[in-house]
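Both of the next two complexes hold chain A, though its partner changes from chain B to chain C.
For the complex of A and B:
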């Protein structure tokens, strides 16, 4: 043995013994979490609400999940199946997961492939009202090959087969506990839905819906040294500002989630010294949805539909380009989001592999140039200072949901666009109505009875295939499809549809990224969407809380087993 | 009296049925949607299935009748079974379930009732205890310095909203002085003196905020009623007969002056059960008020419908109690 290897071995032994000294389950005592939106239920299949899926992620676990960089990591399995390692079949219609041996449920029974098969059956049962059903789209069968092997067969080739059982919103339920809760019986199993048994680091001791959840360390958790905390309280209720205060100023709580409040107020609270503000970025983008169809009320039922015809001026790329150019995105990000916002010119700003560099010139505001472009295109100012061409006045109705940050953004944008000689009318709609999708309401984001709409959207997991499909012709909301679909700008382009189609048949990651970038550029450059701010998540943690790796691609509590308290 | 009570109770039934229908229609017509709060990443066809699963495809009158069946027949039967242990009919009868928690609404309400009664109820009692002496003193020395201060405090308590006083107290007593917890722990159990002390500590701020508000209202009624009575002939008669001043005020005047105040207090009791929506939010007491507001935000129609209807029942009931108390306290008033 050489000196070097001896030294290395000595260092390794020393490290292990240090870790062993620290690593003892429950050694760090009690953890206080504050989710100002309280969880309503702990079965993520019956509630897709983020507050609910986050709370249950301490108890239930998926086979694989995303780390804070958006990378897939094996969680209850030995490795991520790929075509190279044979886990995904060459025709891309099956994926085979190999479960880590020795896993146990929190009641001490064995975790087997049967539980995974059961979970698929539970969510795919037609009467169960499973809110994560989209994770199981195109799944034909799920079979247990043996106790530790699960094979998922899709109805058609799936180049990205990591939908079912991946991510905190698609975890595994215990068959033994939920076997009588399938289908129409699912919502009636209150005891099960309020205290599911899981493989995660914690198990439920008490749950008061919409109020408080208390947990204790799972004695059968696979790592004997984890979790670091013995008990956890997740308290809900109140508002985001009060939650920030409880971590940053009074120090009553260790971690507070979703602190989307005035950034200057948050910075002021952080001076309290008890905690710090943390952020993480996923793919969420606050964007304007340009209406490419005519929202004129005179069109009656054909308003804002392809049938009603093109928009009088927003289909002119010069107009949308100058609208975008007149916006100072840096100011919008600073005023509205602080550390949790970055200016962006892309609909798809992350993961890094998918980010386009072709549109970055929009980051610099240039009102004179925008004015020049409109002049050159023949949009001339009238006696009232508003531009028009061939009798069409540039008058915009700009609509979004009621939210302090969004109303600030609206006011700023209005001031910039007014400088271009464009008339702007602002409107805001209560969030429950705007996002509610009620057929009877004229104010939903899907009906888009306005010239410009604004909201944030993103996708779950780290693969944008389904997300980019949102802007294909088939996804345009219209009365015929009950206004369903996410193609809010009513963008319809055969080339775009062809790219989307190609992406659903391409398996190589780099090729998929190239396609997604091309689609992103097409949307932005054709003026269908005007991206504004790449939005991150904001939370706060106590100074002495260790191990937090805030994650926007999965639950923020994804690695709570590793959390601890600095001495 | 008995006939009167019975008549009033019978008359209350159609009123309540009408109220329940109006509430249902109002909530139903509101352009809210139970899937409105879900992340946009959940696709539209899944949302549609969720709506179907909640029975939203049925016409309004069918859903109203279903609610009536669940609320007036199924839930009372369940309570009856739990109390007596007997089983009546089908044990799997449809329970009234919240759309967001999928658990029975009645259980949610039962879970919330203790903290609401503790905090809001205690603040109401405390408010009364503060208000009555202030009202008496203020009226007896009308326009004196005590009356001026009392009027000022009542005005402040009445006009400054609880979300301001609440947050102000949190900033002073939790952030600056670090004396009191800013967040109410609903899981706290009293097992001994130290845990009892903690319960008192965590209740001080919310109870004080609400007590100030309640006291402000009631003290004004008390003062006005005392002022009215102090100038009555019977007071002069009592003084002329040589009755001590203390006895005149504390026995004769106070008793008469309390009559209208008692009815005001009785009619305010339903508010206690309604919780204090804002104060509960500020201190995270998570009682009935917070349950109602979270139900409204998530368009949880069964929960909101049931809660608002229960409040309506309480209001009707306590109006009746107030009327009956009036008759008991004032022998001149007789109901026939």
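For the complex of A and C:
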């Protein structure tokens, strides 16, 4: 009898103590996220879309990542390997990660170096269609030295070795789950790709692609007191304005992502008092992509390719310089972006170390001077007010994606360029088509069948080496490479390629910065790109949501384990 | 049939007009449509503000003497944009209506009069009816926008494309109605009489059949006009169709929806113009049908 009651008491105590431990994790109940572009897959290696990599970042984690200031922070490892602490070899060909002991997957099994090795094999498998392959450039081998140590060996000295396993777009997959999904089988593993097991604070309970994702707190998460929320719903669909309204005015959702709408509207909605608008600046720049090749439809398949020849007038630096000079970037930033935009003349405006000061004169609009420059260069106004020279009329087709802010920018730019005696025709393409990358559509940004295109681009992490490589000759989209590559202006310059090459062999940070600045200046001064606005990310959060540290260098949900609700 | 009521002293058009005037809503609608048409044609000459002139300092303004309908997010005058935009919208409506009417009447008439062609033509009509409109429009616009743009310039190129596309996808109703009416007419005594007197098909169509199917044609024309305006606005609403700085009512409505809470005038005016125009055109069709109904003579 006594034994029985003692046992019962023991069980009761045990239950209570378990409950107490659980009470902390998930104490804040339910979190509602709204991503108006719905995630379609939860395996970031099979998707380049930010919506997908962000959604999966609640489940999967990398070894290290960037915080909101762009600083590397250790995540699943004890420290960031450097040359000083011996983690990076002196010849810069290897990096050794030391994993934090005691980590578990969301099914309770142990997280080991084998999983890391497997992830590298998964992404580097040639038939797997890995979208994050660039993270693994120049990787020779990845070996597990023991259960908790991983060594990455590069084929050549890698001055910036923080590519593989760093950032939300290069997380670790579980070997046990994905072992049959390597190579050509990767896209067919729907069950795995829709519900990956991870080390992150949440695990998938249900996922309807392109619609809604529901998650619950991961019971094996390393910090017993986290995450603060027990369950999460990530709803997709709708548009940016509706998403902003849902957080700021109606309070239906706690967090909404990517709210590129008119700032005056956003301010109006914020008066609803349910939430607030938050911004963070990365390196995103809204820029014009000047077409340096000829987009004339008469050229057929050679349209907008190097083979089709140079552009009739945009290769004249005087023309591109005056185009840039006629733009009032301050107005563009104010009208389109409000607090989330700053005028810029650089393609690479951040981090501060990489920011060039050589182009800042473009910040001041000077239409008379631009007119003077065109006059001097022999571009004279005809009877219709449009300038021409040797039979070439300055008539520009200016194309971008359908988006209220971009159409405003187009209208403003057109009004300024018209004052220069340049004819401007505006065209906008549905975003799903423009950014869709379909080979058969003539309207994608890569095909660039226009004189000037406009969109935003940026890079993840804080090192611009790969990003600056985008404008080397090899990166020019053309029919031969299925229109892949980010060199949209078709800028091909041997000096630029040499600088890019040199950067990949330079280790000293200051020297790397100097190279990046030189490359930035070359792009801007040769008129390949006309940078407009340094854009911040805009999101909205409910007023009672705590712990949000908005991050432009990584996933916005990078620290979701710390989020909670103020009482 | 044209001389069906020998007691009528007035000519038929006169007669129809007299009866049309008795339909109050149709009469009102006609005046409204006239007013809108005159306003869009002559208005921009009096109200000389250019709808594309930007004035950032005057953005998001409510109605004032300077801007009777307020301004948009870039300080463009909404009143000027409404008039210029109405011009395009009405033009698209009239042109597309006219084209689809001609096409539909021809197909319906030929199918009904020439028996061997009836089957193939009606199956063609069914085929077009079965095509999903919007996706088809998207594909057509994507395929031909560039070539038309280079041939006719950005605005007229898109205008031609939009008008053609709308009329090609909206003639089927007219064709079916006309065919049905003509088939019924063919069995009437006066037609049989004309045939037995030796009338050829051309004479038969022009002198006897066409005048008698005019009223359903007019009615379907008004409906077609309304749906053409709406289709154009749907295209603009989707960001297709005309360039973004080229106002049409549909585009103004589309741009305005985002600012609905800030400046409601931006959706109210284009929305009102669209719905009232479409409504009045529908009433006109209604009135015309009543007025042209031959049986009304014998009341």
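Heads up, the rule we're going with is that the second predicted complex is superposed on the first by the 503 of 567 C-alpha atoms of A that agree within 3 Å, B and C clash if a C-alpha of one lies under 4 Å from a C-alpha of the other, contacts with A are read in each partner's own complex, and residues count from 1 in each chain.
Just so it is clear, a residue touches a chain if its C-beta (ideal position, glycine included) is under 8 Å from a C-beta of that chain, and two chains touch if they have at least 3 such contacts.
In this text, all values refer to a predicted model and were calculated from it rather than measured experimentally.
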Chain B versus chain C as contact partner of A:208, first or second or both or neither: first
Touched partner set for A:428, first chain B, second chain C, both or neither: second
Contacts of A:441 with chain B and chain C, given as first, second, both or neither: both
First, second, both or neither for A:41, with chain B first and chain C second: first
Per-residue touch tally on chain A - higher for chain B or for chain C: B
First (chain B), second (chain C), both or neither touched by A:250: first
Chain B versus chain C as contact partner of A:460, first or second or both or neither: first
Which superposed partner A:49 touches (first chain B, second chain C, both, neither): first
Which of chain B and chain C A:411 touches, first, second, both or neither: second
Residues of chain A at both interfaces, chain B in one complex, chain C in the other: 441, 443
Touching residues on chain B, where the partner in the complex is chain A: 31-33, 35-50, 52-54, 95, 97-98, 100-104, 107-108, 111-112, 167, 170, 174-175, 178, 181-183, 185-187, 280-286, 290-291, 294, 297-299
Residue ranges of chain A touching chain C (in the complex, touch as defined): 241, 261-262, 264-265, 268-269, 297, 331, 335, 402, 404, 407-408, 410-412, 414-415, 425-428, 430, 441-443, 449
Touching residues on chain C, where the partner in the complex is chain A: 52-54, 56, 59-60, 73-74, 76, 142, 146-147, 150, 154, 238-240, 243-245, 255, 258-259, 261-262
Contact set on chain A toward chain B in their complex: 34, 38, 40-41, 46-50, 127-134, 187-188, 190, 193-194, 206, 208-212, 214, 233, 235-239, 242, 245-246, 249-250, 252-253, 272, 431-433, 435-438, 440-441, 443, 455-460, 482, 484-486
